[in-house]
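Naming follows writing order (A, B, C and D), and every chain is counted from residue 1.
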Amino acid sequence: MKIGMIGLGKMGSNMRERLRRSGIEVVGYDLDENLRDADSIEEMVEQLESPKIVWVMVPHGDPTRSTVEKLGELLQEGDLIIEGGNSKYTEDRELDAIMEPKGIGYVDCGVSGGIWGLDNGYGLMCGGRDADVERAMPVFDALRPEGPREEGFVHAGEVGAGHYAKMVHNGIEYGLMHAYAEGFELLLAKDIVKDVKGCFQAWSRGTVVRSWLLDLLVTALDDTPELKGIDEYTTDSGEGRWTVEEAIENAVPMPVISAALFARFASRQENSPAMQAVAALRGQFGGHAVKMLDDESSRDPEQVEVHQGAEAQRPDPGESRPGDGS
Amino acid sequence: MKIGMIGLGKMGSNMRERLRRSGIEVVGYDLDENLRDADSIEEMVEQLESPKIVWVMVPHGDPTRSTVEKLGELLQEGDLIIEGGNSKYTEDRELDAIMEPKGIGYVDCGVSGGIWGLDNGYGLMCGGRDADVERAMPVFDALRPEGPREEGFVHAGEVGAGHYAKMVHNGIEYGLMHAYAEGFELLLAKDIVKDVKGCFQAWSRGTVVRSWLLDLLVTALDDTPELKGIDEYTTDSGEGRWTVEEAIENAVPMPVISAALFARFASRQENSPAMQAVAALRGQFGGHAVKMLDDESSRDPEQVEVHQGAEAQRPDPGESRPGDGS
Amino acid sequence: MKIGMIGLGKMGSNMRERLRRSGIEVVGYDLDENLRDADSIEEMVEQLESPKIVWVMVPHGDPTRSTVEKLGELLQEGDLIIEGGNSKYTEDRELDAIMEPKGIGYVDCGVSGGIWGLDNGYGLMCGGRDADVERAMPVFDALRPEGPREEGFVHAGEVGAGHYAKMVHNGIEYGLMHAYAEGFELLLAKDIVKDVKGCFQAWSRGTVVRSWLLDLLVTALDDTPELKGIDEYTTDSGEGRWTVEEAIENAVPMPVISAALFARFASRQENSPAMQAVAALRGQFGGHAVKMLDDESSRDPEQVEVHQGAEAQRPDPGESRPGDGS
Amino acid sequence: MKIGMIGLGKMGSNMRERLRRSGIEVVGYDLDENLRDADSIEEMVEQLESPKIVWVMVPHGDPTRSTVEKLGELLQEGDLIIEGGNSKYTEDRELDAIMEPKGIGYVDCGVSGGIWGLDNGYGLMCGGRDADVERAMPVFDALRPEGPREEGFVHAGEVGAGHYAKMVHNGIEYGLMHAYAEGFELLLAKDIVKDVKGCFQAWSRGTVVRSWLLDLLVTALDDTPELKGIDEYTTDSGEGRWTVEEAIENAVPMPVISAALFARFASRQENSPAMQAVAALRGQFGGHAVKMLDDESSRDPEQVEVHQGAEAQRPDPGESRPGDGS
């Protein structure tokens, strides 16, 4: 078997390698000359045998759309496109609606596993017509982890269902990560568990919270003790947002995943406008001095400690005043 | 009528003044020589006529406890202590249990209104025995706003009930403030409402969201256009925490007030440990570079924009890669 | 001045009345024969004098769209449509894009105040071109509360800005309502404040949490003591959802308003699928019996109390077991 | 080696069995005559050889306290108590303070693994003095999973540290469970993924969200397709509450775990008082009819659908009215 693959980044390159290890030939294309096997998408398509299969692995949105539309011009009736990126399910449906009249099959496939998928295999969720999915099964079987097919692969439904499943997967992922993260912060804040990394590591086997993410957190704590020096700044790549938007559209309460999403937004703010408003309001009703950003002392930990101490512990009763003033 | 008052900070001084305006004599004590009328608590107590009433207005915790205990030694059967600070209701009960055998009355009184109470009057919630509350009514009537008594005063229940009501009041206050704050941030983030202050001001009359806090936010926006330069750093004075703790103890879901409380905690963090963990995890599974705090470029807005642009908009399909890698 | 008004429901009828009280003639149209002044939209338009102004006050979505499109056929260059319903701002832009080439002005106006607006006046936020807003000012001045114009009216920006402001207003409203609601539930759950209504009423003046919504809650507690018998079931009308969606699109953390929105979703669920999953998971790892819906005893309060008592208080050490099993 | 064990419920019985399989003799006591090896705690203690070790496995709170205090009278200097239940860490410290002067060692040990621990081994987190922990190591090694000791066991710190770690473990567990649960609900609500169980099963290998809890959810979905008929009612056993309380005390933002906790509270409410307040408020300002619990039609799905349809889709513009009225 021989397929084309467009997009040879971290994910695509590893997937090409895993396919090759299982005996599937891959003609890869990427803008980066050092990564690609063919010098153009046209050349890549020419090297395939009909009916042709091309796996698209580029960022969602415009890149995926323009890539698929270009393939729509180069491929022929009976060929098959597998959209393996993180497209929104609605985008899949739009692209399929363009391909379907041409007789070009379209399967969307969510791929999970990150850089570890090369060796562990990738969890796959796909959507599409039965015949199209059936034709792509050798590719899916090569990419998914060893073991029973149903433990690493699902044909979730019509076109779009695969990326819908992957979207929910990523939403859950946000929630899981943040649950561990909150536990980590509490253990660190309260100086009673002396060996925080050891504590997470001890959860690796036997416990209810054991998981792959837990194992990764132990590795991270090995690499960077107490995660010192790591910046909180965390991006989000779309699926988390879509998951919460879908929840809203379907009237599904989603406090946990949305909280994890909002925490990512907050991690990218230097100074929260909402909290500026809260601070300003407190100043208005309580007469509390509002700290200004250019006030050198305002964030000085020692200053703050003294200030808090003054409020909380001033031993002479007559001197101190109720703190909030509200 | 003549009462004593201990604690002449922002709140206490204004309350003394409001009482005096209504014809009640006040002998005030404070550590600050410039504020006080008597040079010691003993001297203050001596100047009162039996049965004596002393209003305590110092920070909750140790200061209030030591002040009340001292009064327990100086006052006599038939006298009355009004704890007007922000004590926890359990503390009231403990202090009352000390005073009760001595025949000294104890009334706890939550006071709301901030620095505006001097002119507007203070909202009062008190707890205690009927006879004690009855005796203190002239003081309460002088402090509360003009108008029907029940619109600015409540005898909420036994000792502790007043501060319990005030605690819940402050919890609600956290939620209200944050609701406005989130709206403010969204209006600022989305550049479609051109006159954000004008928008809040237009809500002052007729709308569902009109309130005193809204009026204060308009004033704050007058004082500091768009709140520019105000530091997000916001303290919390205890009642918000207690409210959520009470919710937990009573199995009451409290997502809104707890979210407002957590946002205050977050406002005081330079770098969230929880988000460090999330960032580290993403690095582990996705091979994403983890930003370090000492990386000069990591928070450079322009850098970030370029980076995001690169992910989201790279027009040439072959060049780009799925962002999350999960 | 004489204008047309389409949609004479609770809001529209009251607004017609308020306009008439201020001397503005209104020709109203509604499907309900008992409410309308003209028997068709065509007839209504005919009765106006050029340049004509028509206020549209029907539900957002298809009804508003079809109404405006019909007006687009009946009105002429120089006429003006005011969309006073709760349209999404993007819808306003689409409708304006249809009207603009015809020379028909389009102003979107968010209206707040509910059934009380008839007497109190309505808070108004509008978007549109300066000349169009200027022309409609007599109508806005008649509808808004008395007092300074800027305290009940804002020209927030271009077309769409008025409804954007109203959307945020409603999002804030969700948060405010839920903050009071959480406080109410806690006061009710903890039997320490004996007079819950009295407590809310005492917050009416002087306190930090005083607001119109608070006043309404007091009235509700007057009408229905402790709100007994009221069903939790609460709908949401769109603006709350849009507010959170906008927050997500603009990377604005919005924990409070989203929590209030999710609580509404939950109020409409008989049996939460998410909590079914949590219950099922507990059963799997802990061997806890999972309650089934058709189990008559499962929700029997007395049963549950006995069960909890058994877990928490079984005095004989040998008999009892750790509860969670995790 | 021979130890005593008090409390032979689901957890204790399995642990006794696992210890015996590894060659450790166990004299068990329980109120249930069918489970116990000794007929009284005294008899159990007598059967042990000095220095004696007794594992306590009864519910936290009074049962644990009275059991440990009784052991304090029966054991002698040099003996050791292992508190393996879910005590709060502060309780451990209090109990240790009673035992320490008697020369009786005290080790607290959090145990995770549920009913699966018998075969898989239990994850263990303990706190205590080095010598005491050292002495108990054969017991811990028998209970923990096979493999490296540090992947199923940690000596987390002083007395209390073990249960602190277990408390945080359970808090994280709440968050993890709810993240999967939200994903489950969304997949069910949106009828696009046709095989929800298959979707979760496909995440078992290779994906980022793979975990033991995920495996259990797949089993639950096998046992009860789509979890139909399972009651949402979910108890909580203390550690989740303590985790959030600790977060509050230490100013740690904890939106995810608290949301999961609040959802459990809500699952046990027939009618949310907070949402009663929200519904009542909407009725007050919008003139919306408030549904009453005794209104037969109020929860009739068909009625509601008709009602919503009426609001959202009434095609004739003149008939319909803005929904919210705010």
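Everything below uses one rule, namely that a residue touches a chain if its C-beta (ideal position, glycine included) is under 8 Å from a C-beta of that chain, and two chains touch if they have at least 3 such contacts.
Each chain and its UniProt protein: A, B, C, D = 6-phosphogluconate dehydrogenase, decarboxylating.
Note that the coordinates shown come from a computational prediction; the quantities given were computed from them, not determined experimentally.
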item	value
Homomeric contact chain A-chain B: same or different residue positions, threshold half	same
Most distant chain from chain D, judged by the mean position of its C-alpha atoms	C
Chain B-chain C separation of Cα centroids, rounded to whole Å	28
Cα-centroid distance, chain C relative to chain D, in whole angstrom	38
Residue numbers of chain B (touch at least two other chains)	112-114, 169-170, 173, 178, 180, 182, 185, 189, 208, 213, 251-255, 259-260, 262-263, 266, 272, 274, 285, 326
Chain C-facing residues of chain B, complex	89, 112-114, 117, 120-125, 144-145, 147, 150-158, 160-161, 164-165, 168-176, 178-180, 182-183, 185-187, 189-190, 192-195, 198-199, 201-214, 243, 246-247, 250-257, 259-260, 262-263
Partner chain D, residues of chain B touching it in the complex	208, 241, 244-245, 248-249, 251-255, 258-259, 261-263, 265-266, 268-269, 272, 274, 285, 326
Residue ranges of chain B in contact with chain A within the complex	6-12, 29-32, 36, 41, 56-64, 66-67, 70, 84-86, 111-116, 169-170, 173, 177-178, 180-182, 184-185, 188-189, 213, 216-217, 219-220, 224, 227, 229-235, 237-239, 255, 259-260, 263-264, 266-267, 270-287, 290-295, 298-299, 304, 308, 311-326
